[in-house]
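Naming follows writing order (A, B, C, D, E and F), and every chain is counted from residue 1.
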Amino acid sequence: MSPAWLADVLALGGDLLVVPLMLPVGGLLLGLVLGGRHLARVALALMVLGLAAALAVAAAVLQAGAPLHYELGGWSAPLGVGLKADGLSAVLLLISALVVLAVGIYAQRPFGVAPGTAETRSSLAFWMLLLGVWAGLNTVALGQDLFTLFVALELLTFSAVPLVALDGRAETLTAALRYLLFALLGSVLYLLGAVLFYGTFGTLDIALLATAIRGADPLPPALLAAASLMTVGLLAKTALFPLHLWLPPAHAGAPPAASAVLSALVVKGSFFLIVRIWFDLMPMLLTTTAAQILGALGVAAILYGGLLALRQARLKLLVAYSTLAQLGYLFLVFPLAAASEAAGSVDVLTGGMLQLVSHALAKAGMFLAAGLIAASLGQDQISALGGIARAMPITVLAFGLGGLALVGLEPSGAYLAKSLLDGPAAAGGQWWWGLAMSVGGLLTAAYLIRVFYHALAGFQLPPSLKRRPARYQELIALALALGALLLGLLPTELLGLVEIGRTGVELGGLR
Amino acid sequence: MTEFLLAAAVFVLGTVALGLVRILRGPTNADRMLAAQLLGTGGVAALLLLGVATGTSALAEVGLLLALLAAFASVAFVSGATSGGHTTSGGQAARGGEEPGRDAG
Amino acid sequence: MSLALDLFTIMSVALGALFFLAGTVGLLRFPDTLTRLHALTKADNLGLGLIVLGLLPQVGSVVAGLGLIAVWLLALLAGATVGQLLAGAVPPSESRQSHREGSRP
Amino acid sequence: MSGTTLFGLCGAALVGLGLYGLICHPGVLRKILAFNLIGSGVFLLFGVIAKRGGGALAAAGAGVDGDPVPQALVITGLVVAFAATAIAVALLLRLVELGGRDTLEDEAPRRAPPPPGRRS
Amino acid sequence: MSMAPAVDAGLALLILGLGLWIIAARSNFAAVVGFMTYGLMLALVWVRLTAVDVAMTEAALGAGLTGVLLLGAAARLPAEAPGGGPGAGLRVLVAVLCVGVAAALAGVVLSLPEPAPSLAPLVAENLPPTGVKNPVTGVLLAHRAIDTLLETVVLIPALIGVWALAADRAWGARPGALTPRPSSSSLTLLAQVLPPFGILVGVHLVWAGADEPGGKFQGAAVLAAMWVLVVMAGLADLPKVTNRLMRYTLVLGPLVFVAIGLAGIWTAGAFLALPAGYAKPLIVLIEVVLTLSVALMLGLLLAGPPKERA
Amino acid sequence: MLRSALGRWALLFGFWLLLAGPWDGASWREALPDLAVGLLAGSLATWVSLRLLPPTPERIRYGALLRLASQFLGKSIVAGFDIARRAFDPRLPLRPGYLDYPVRIPPSPDRAAFGALTSLTPGTLAVGSDEKDHLVYHCLDLDQPNAASLASDEALLLRIRFADSAQ
């Protein structure tokens, strides 16, 4: 069925993993030299290639039905550094490539360089930093070594922080600085955890560590310290509830294209590592109270973020607080997986990844739409949105569809995710997690209705727009939102991708 | 001999620790900087003593590095103190004023 | 022979350490920034020189010994110029005035 | 107690100290310093682990007595920490240049600033 | 009685005291100077831990370049640290938390397994194929080459991040954080005499790094320091941020590294693998080109965002 | 030009030999690459040195240079003792003050070198230059014959290059 060239590509096996790893890196290196006008085009071309590479990796993983492994430099694990693409990696690679490509198309206008002009500050910075974020995410997806993952996290941080400060106002600089300090604290705590792992087990490779931890009896005290340090560090980077202070101003102050990437992808990078640590490295600890704490924090984030989103006067801040709440859902994965049987835990993880993808698409679309509205009106006060739905119907539609996807209406990815999560919640007798999700959905609906109330009001009297958004930009936002809304229609075989490389049996066996 | 060299290193480190008082007390930034410079020399001496005592290779290189970068740091201080910092130089003048009272006779 | 060399090392290193102490004492006791700078440029460099001299018999090879001397020369160069630099960074008006007052007999 | 263990405890204390400074210090420059302090504490712990794991290479005559893997990683970490400090300092200086303050406190201070005179 | 424990105890006390000072000092500047001295003492600790490579990096980067960076910041900020911060009650709470963290870590340190797990034997066994004799260099450029590659790549977004803080119209200007000091004859003399020696030290560290302690990061830091010294003395200009040659040099090192790594797929069977027999010359080549790029990056990170000169 | 370039190259290459120590190696063949890199690095350093500090046409008298070096070595030792004596003395015998020294060396790297060297001699520290022909010194003890000592040092330095102006 598959053409010969596809078979050839899939036969590359592990070598295939080098492509997503090095494509953005190559972009960074070439981009700095090219600079100027070519950068936007070259970056876009690379992003198309990157999507193809991500698809190829996903296809290879699906075809093999098992994770792809690769030993860099030919050195095997405790000494060398390995790469691995399992279902989770493939999903992160795909969603990163997709969102980065969409943002890359959208940003051709705001961050392109007009013919005849030399390079500008913002265009060079934006494209380079976008490539940097992408490089960091791909490394996070594939890395199998705790220290390599640390470098990947730093790559992500160093690229994301300047994106926040891109417009150079004092306000966004403050937001960027606060973000940087949180992120650096997060990295250093993560590194501390990795150091303790090495000191106890003599390796940094996730698979080898998992084996060693499984064999350890009793569990060494360093393990607990390392796990908590790493988790807290990554939570600070993911902006889970009590460590969320930096996120709203940072995401709301960045240019829309940057906000979209930050909200959709960057915070997911550190979440992804939390999943890796808990599910791959020490699944037996999931059954402890730690998982309950993570879940409780998630619920707190859902409620707190939702309530604050309701109170925001500015559209972009509302979207940013909504991110806070949506991140909370992701953390319900931990207690639910702990509560369910082996097979159920895989379902839970699938639900979690689905929620991640759905939120990434929806939020990217919403931020892009909100950015278009803000640019057209010259401001983004929610109370002053009157008539905008008539002036910019496609944009408002994109925002609305994204919102519906967040609420979790029927065909959306979030709907499917919640139904996958609800089952284990009910089965495990932990109905309160399901209740939290429902309350969160109501809050989401409430703040979205508030936006629509204003956007649809004054229908007779369209506001005067400072400038019209480009049609293709509106369509990109719409496409992202639609993607999130229709995600639930994915065939089940594709959903099975997440399960590849999962070893749900172990979790059940240890309970 | 090893013990003697280590003891000398401890002694030099002790003088370094004593010199820290000048960094703590200031009063001017130039005082702090010169104390740091002095401690740099002490650090190089302690390093050489430790290195020879324990037979560490490449100790001369580390010493060279320290000496090079200590000089570099002082240059950075002087550049910063005279070009960038309006507040610093003002602060220095005001705080340096405490000094004449304790002058020697 | 070896005993004489060891004795030489002990004498030289001990004397060098003493100069470090002198530099630190000067740093703490001298009344103002500029007089303290004298301690920086003079006592510690001599201390480092003596320690290097004392260590020479203890390192295995001629090259290693020459490397130590290079460290000292570099520190000497840095000390001489950095002392001047820091002196230039002391606000002239205020410090000079304080001296004129302070140096009245 | 061996010197190596002592340095390990020292690293632990530095992490705690830096953590306190990072959370409690209002000034951004001091937060950056505190971050560097935590970083060096972590590196020190790694160095202690490297030292404990040494010995085999010394026997092999490589001239280095310690586990080279953590040492290599610390070198990498130091470079990354320098880059982080450079970004933070540049952000801070730009913020001050634009008329911002060198702190991340909210504009209305919760407590009255201390009087400018001496407080010792 | 042996003196070695006394040395260690003295160093540990010094480090802790300086750490305390860095946190507690009132003036920013005093804290920064304390930090530089702290870095110096840490270099001594690394020598005690027999990690000479790290001691060099700490001296060059940790104490030297970071110290200069912070010194420049302290000079441009108000002398006193701003007041405020959390209230007394919260401070006590945080202090308790931090003491708890430190105590827990101390407990972990004391309970680390004995004998310590180590990759040292594995490195010793796998060092010969790399052709280098310094195991740290072997780990950095062969066994864990990906970390080294990514870490030089990390410096690029960091540099872009610093540049991005420029004003829009200053794009194309020269970096502005290092303002040359006008006409100081002693500074000029130092900047005229020191750099040739510094260059030799830097080149030596890189060249010898394959077999002895040293390597590209240490060498690059020294070269960057010498470059910045010359700039601060006003003897040379920094390149404009749009300078082509500079940009090519910035990416040269990582680009060669990636190219050799990719070639490894065909010549040695894996990405970043080095073909047998050519490992050492390739490692030296990578080190040399990386040194150029990293030195330039470190210097530019110090030099700050571009700024229009009045 | 060529002369001073060669001189510097020799000096810098000597410094490289110090660092690299190729004759420590086992065999001549092993030391060869070291030497080759040294030649290259030395040339690079020389080029930088010539760029930063262009040579002057006058010739250097190496005899005078040697004498200067030995004298300053001696003086810096005396200076160390001087500081130690004053620091340890309970009465702290200092009479600090400024001295305007009319300098004969024209503004040049030579003058800066003079300032640096005299900062190592007992009791004097070059602080800056007030006017064109004056160097300002800070003295630890104004009762010492500071100016005379400076003058003799200056004469010695002048002899290295300007043979005629030396007394």
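Methods note: contacts are C-beta pairs under 8 Å (C-beta built on N, C-alpha and C of every residue); 3 or more make two chains touch, one makes a residue touch a chain.
Keep in mind the model is a prediction, meaning the values are calculated, not measured.
Within the contact network of the assembly, the step distance from chain A to chain E comes to 1. If you take chain A and chain F together, the chains in touch with both are E.
Under the touch definition stated at the top, chain C and chain E share these contacting partners: B, F. Chain centres defined as mean CA positions place E nearest to the mean of all protein CA atoms.
Chain centres here are means of the Cα atoms, and by that rule the chain farthest away from chain B is A. Most remote from chain F, judged by the distance between CA-atom centroids, is A. Two chain pairs, D-E and C-F, are weighed by contacting C-beta pairs, with D-E ahead. Inter-chain spacing, taken between the CA centroids of chain A and chain B, is 48 Å.
Note on chain placement: the centre of chain B and the centre of chain C lie 11 Å apart, centres being C-alpha means.
A separation of 21 Å divides the Cα centre of chain B from that of chain E.
Averaged C-alpha coordinates give centres for chain E and chain F that are 31 Å from one another. For chain A, the set of residues that touch two or more other chains comprises 79, 147, 151, 154, 158, 161-162, 165, 168, 173, 192, 196, 198-199, 202.
Residue positions of chain F touching 2 or more other chains, listed in rising order: 15, 19, 92, 94-96, 112, 115-116, 126, 128.
Touching two or more other chains at once are residues 4, 7, 11, 48, 50, 52, 65, 72, 74, 76-78, 105, 108, 112, 116-119, 123, 143-144, 147, 151, 154, 158, 161-162, 165, 184, 186-187, 189-191, 193-194, 197, 201, 204, 208, 212-213 of chain E. Partner chain E is touched in their complex by these residues of chain C: 74, 77-78, 81-82, 84-85, 88.
The residues of chain E lying in touch with chain A in their complex are 104-105, 107-108, 111-113, 116-119, 122-123, 126, 142-147, 149-151, 153-154, 156-158, 160-168, 170-172, 242, 244, 247-248, 250-251, 254-255, 258, 262, 264-265, 268-274. Chain A contributes residues 15, 18, 22, 25-26, 28-30, 32-33, 35, 70-75, 78-81, 118-122, 124-125, 128-129, 132, 135, 139, 145, 147-148, 151-152, 154-155, 158-159, 161-162, 165-166, 168, 173, 192, 196, 198-203, 220-222, 225 to its touches with chain E in the complex.
Those residues of chain A that touch chain D in the shared complex are 79, 147, 150-151, 154, 157-158, 161-162, 165, 168-170, 173-174, 176-178, 180-181, 184-185, 187-188, 191-192, 195-196, 198-199, 202.
Those residues of chain D that touch chain A in the complex are listed here as 15, 22, 28, 31-32, 35, 38-39, 42, 45-46, 49, 52-53, 69-70, 73, 76-77, 80, 83-84, 87-88, 91-92, 94-95, 98-100, 104.
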